[in-house]
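Pasting the structures in now, so scroll down.
Each of the next two complexes has chain A plus one more chain, namely chain B in the first and chain C in the second.
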Partner chain A sequence: MTILFYLASAIAIISTLCVILQTNIVHALIYLILSLLAVAVIFYVLGAPFAAVLEAIVYAGAIMVLFLFVIMMLNMGQHTRDQEKSWLSARGWIAPGVMAGLLLVQLLSVFAQIDQDLSGQRIDVMAVSGLLFGPYVLAVELASILLLAGLVSAYHLAKK
Partner chain B sequence: MSPIPFEHGLIVAGILFCLGIVGVLTRRNIVFVLMSLEVMLNACGLAFIVGAARWGNADGQVMFLMILTLAAAEVAVGLGLIIQIYRRFHTVDINVLSQMKG
Partner chain C sequence: MTLEIGSALTIGLILGTVIGVAAMLIWVERRLLGFWQDRLGPNRVGPFGLFQVVADMIKIFTKEDWTPPFADKFSFVLAPAIIMTVILLSFAVVPFAPNLGIVDSNIGVLFVLAMASLGAYSVMLGGLSSDNKYALLGSLRAAAQMVSYEVFMGISLLGVVALSGSFNLREIVLAQEDMWYVLPQFVGFVIFLIAGVAESHRLPFDIPEAEQEICAGYHTEYSGMKFGMFFVGEYLGLVLISSLITVLFFGGWYGPAFLPPVFWFAIKAFAFIAFFILLRAAIPRPRYDQLMSYGWLFLLPLSLINLLVTGAIILNSQ
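And then the complex of A and B:
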């Protein structure tokens, strides 16, 4: 299981790197799906099978299909590749790379002081749903209102 | 089977988050920016799941579900905006959109 964690982490990081470096948008989307599925494997290894299943169904399934529909609607296939290449200059990478690198160094220096192990204990659906329909029931209701608002506004925005 | 160190899970989440930030800052195509935002939200969810695995309680997973809902709503609204922007300006370049008035 430990090896699976590091393997899935490596796949997630490498495919995310491919997402931000890719010029072909459909390939970038496929790499993003790969990254999300690798994160789902990490969730399973960490003892969260319910979150892993939701990650695969909702993120890698539903949200990525939405992206695919929009890419198809905007007809951003092969011919936008040259445009993307011209937009990606080496000079534009320096400042964001340095800033994100500094942030990463800070995060790593904070995390390096932690010396604890994960419990590896499985948290199944029963415990999560007990919380969802117990103390967090108001948050679930608010989430449903958020989704309804998202639905209405997306319909209104995309209308001709 | 040796247990996974807590900090390694957090480091993976941190690296994914920083990659998402680089994507948001460097790309000019608005669809790529939205995809990088998804990567960042996903990294936040990963950090919550790692926390839940460390202390062995389910609250972190509940928080992950909330992030999932937020990501779904955000993508729906964002893609609707992208479609409308493409109809009006016939481009997905955010540098052109920064010249909007009002």
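And then the complex of A and C:
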């Protein structure tokens, strides 16, 4: 399981890097899907099969399909690829690089204090739904209202 | 010889059987269509034309495998591989008999739904990378159709999940020992059946590849074995949907004891495969907007009401 964890993490990191470095937008999207699937595997290894499969269904399966749908309709050609290339200059890397480095240092210092190995217990679907409809029911309802509002406004904008 | 769940032998056997059945369906479908349309179908090669499959295989393997120069090569090659991979992976959680299956997963139903939603990329990337207007139109249709019908497919299953109290396909079958779920969940069964046809984009819902309107849709530019993978992928999808209906609604391997369980599974699954082929022979293709409004305005409310009523009955009987 530990090997699987590190393998999935490596795939997630490398494919996310590829998303940033890719100039072809469709290829970048495929790498993003790969990265999300790798994160799903990480969830599974950490003992959260429900979160893992939801990651695959919702993020990799539904949201990314909509991204691809929009890309299809926009018909990106060679000129977007050239534009991407011009944006990926060496100077553009400095500020994000510094900020990402700071974040990494922070993360590592937090992880150093946590002393837990991979063999956590498995949390099955029942336990997750018990929490969602128990103590967190208010948050779930608020999220659904937010989604409904988004839906209604999207409908309104599309009608115009 | 014992077949244990998850052993290499079982995996090989199931994989071989599933792909073999999918390949044989090319012949079965054409013969059955011929029978229903009062003609013969392929009957020249071998007894009853059985070796037609071999002839088709030789043809498809030796055909020129041409990648158009204007296509995006990476996604063009990736697309047919995706459909084969996700459908074969879905078979991993299907329980074929009491001790026959690959994985005994607690998230089996969700895993199948996840694989079905990943399958949409195959048709979308195939059409997009071809750089061809018919292919693009086909994959636009496919994207909207598959994303929409996934929703009803998922909701129609929830009734079964609520009744059996498990996402594990094996436990769902075990819970049907006394009564098949097709009786209490008849509405869910019908919705799942329709959504299943739409998900595997078979006739009458083959709108993404409607050859009378948009050439061959998303696989217009494909040839040789890459086309073959889309083709066999469609039959694999047919086998998968039939197996899932058997497992979820028709008691999986249960049946009178004079036949071993795996035979009952095969008989039920084949009955649905034959039904899907008959559907193709009997019903014309709807228009694209008809398909979408039928889904969102009729199937979605129906599946929600079905879930609501099922939940109320379960709560009442507790």
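Here, the second predicted complex is superposed on the first by the 148 of 160 C-alpha atoms of A that agree within 3 Å, B and C clash if a C-alpha of one lies under 4 Å from a C-alpha of the other, contacts with A are read in each partner's own complex, and residues count from 1 in each chain.
As a convention for this text, a residue touches a chain if its C-beta (ideal position, glycine included) is under 8 Å from a C-beta of that chain, and two chains touch if they have at least 3 such contacts.
This structure is a prediction, so every number in the text was calculated from the model and none was measured.
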item: Superposed partners chain B and chain C on chain A - clash or fit; value: fit
item: Of chain B and chain C, the chain that contacts the larger number of chain A residues; value: B
item: Contacts of A:72 with chain B and chain C, given as first, second, both or neither; value: second
item: Touched partner set for A:103, first chain B, second chain C, both or neither; value: first
item: Touched partner set for A:131, first chain B, second chain C, both or neither; value: first
item: Touching partner for A:63 - first (chain B), second (chain C), both, neither; value: first
item: First, second, both or neither for A:114, with chain B first and chain C second; value: first
item: Which superposed partner A:26 touches (first chain B, second chain C, both, neither); value: second
item: Partner chain(s) touched by A:50 [first = chain B, second = chain C, both, neither]; value: both
item: Gap in Å between nearest CA atoms once chain C and chain B share a frame through chain A; value: 14
item: Chain C-contacting residues of chain A that also contact chain B; value: 50, 54, 62, 66, 71, 73
item: Footprint of chain A on chain C - complex, ascending; value: 72, 74-75, 78, 105-107, 110-111, 113-114, 117-118, 120-121, 124-125, 127-129, 136, 139-140, 143-144, 146-147, 150, 167
item: Residues of chain B defined as touching chain A within the complex; value: 1-12, 14-23, 25-29, 31-32, 34-36, 38-39, 42, 45-46, 49-50, 52-59, 61-62, 64-66, 68-77, 79-84, 86-87, 92-93
item: Interfacial residue positions of chain A with respect to chain B in the complex; value: 1-2, 5-6, 9, 12-13, 16-17, 19-20, 25, 28-29, 32, 35-36, 39, 42-43, 45-48, 50-51, 54-55, 58-59, 62-63, 66-67, 70-71, 73-74, 76, 80, 84, 87-88, 92-93, 95-97, 99-101, 103-104, 107-108, 111-112, 114-121, 123, 127-128, 130-132, 136, 139, 143, 146-147, 149-151, 153-158, 160
item: List of chain A residues in touch with chain C within their complex; value: 24, 26-27, 30, 33, 49-50, 52-54, 56-57, 60-62, 65-66, 68-69, 71-73, 124-125
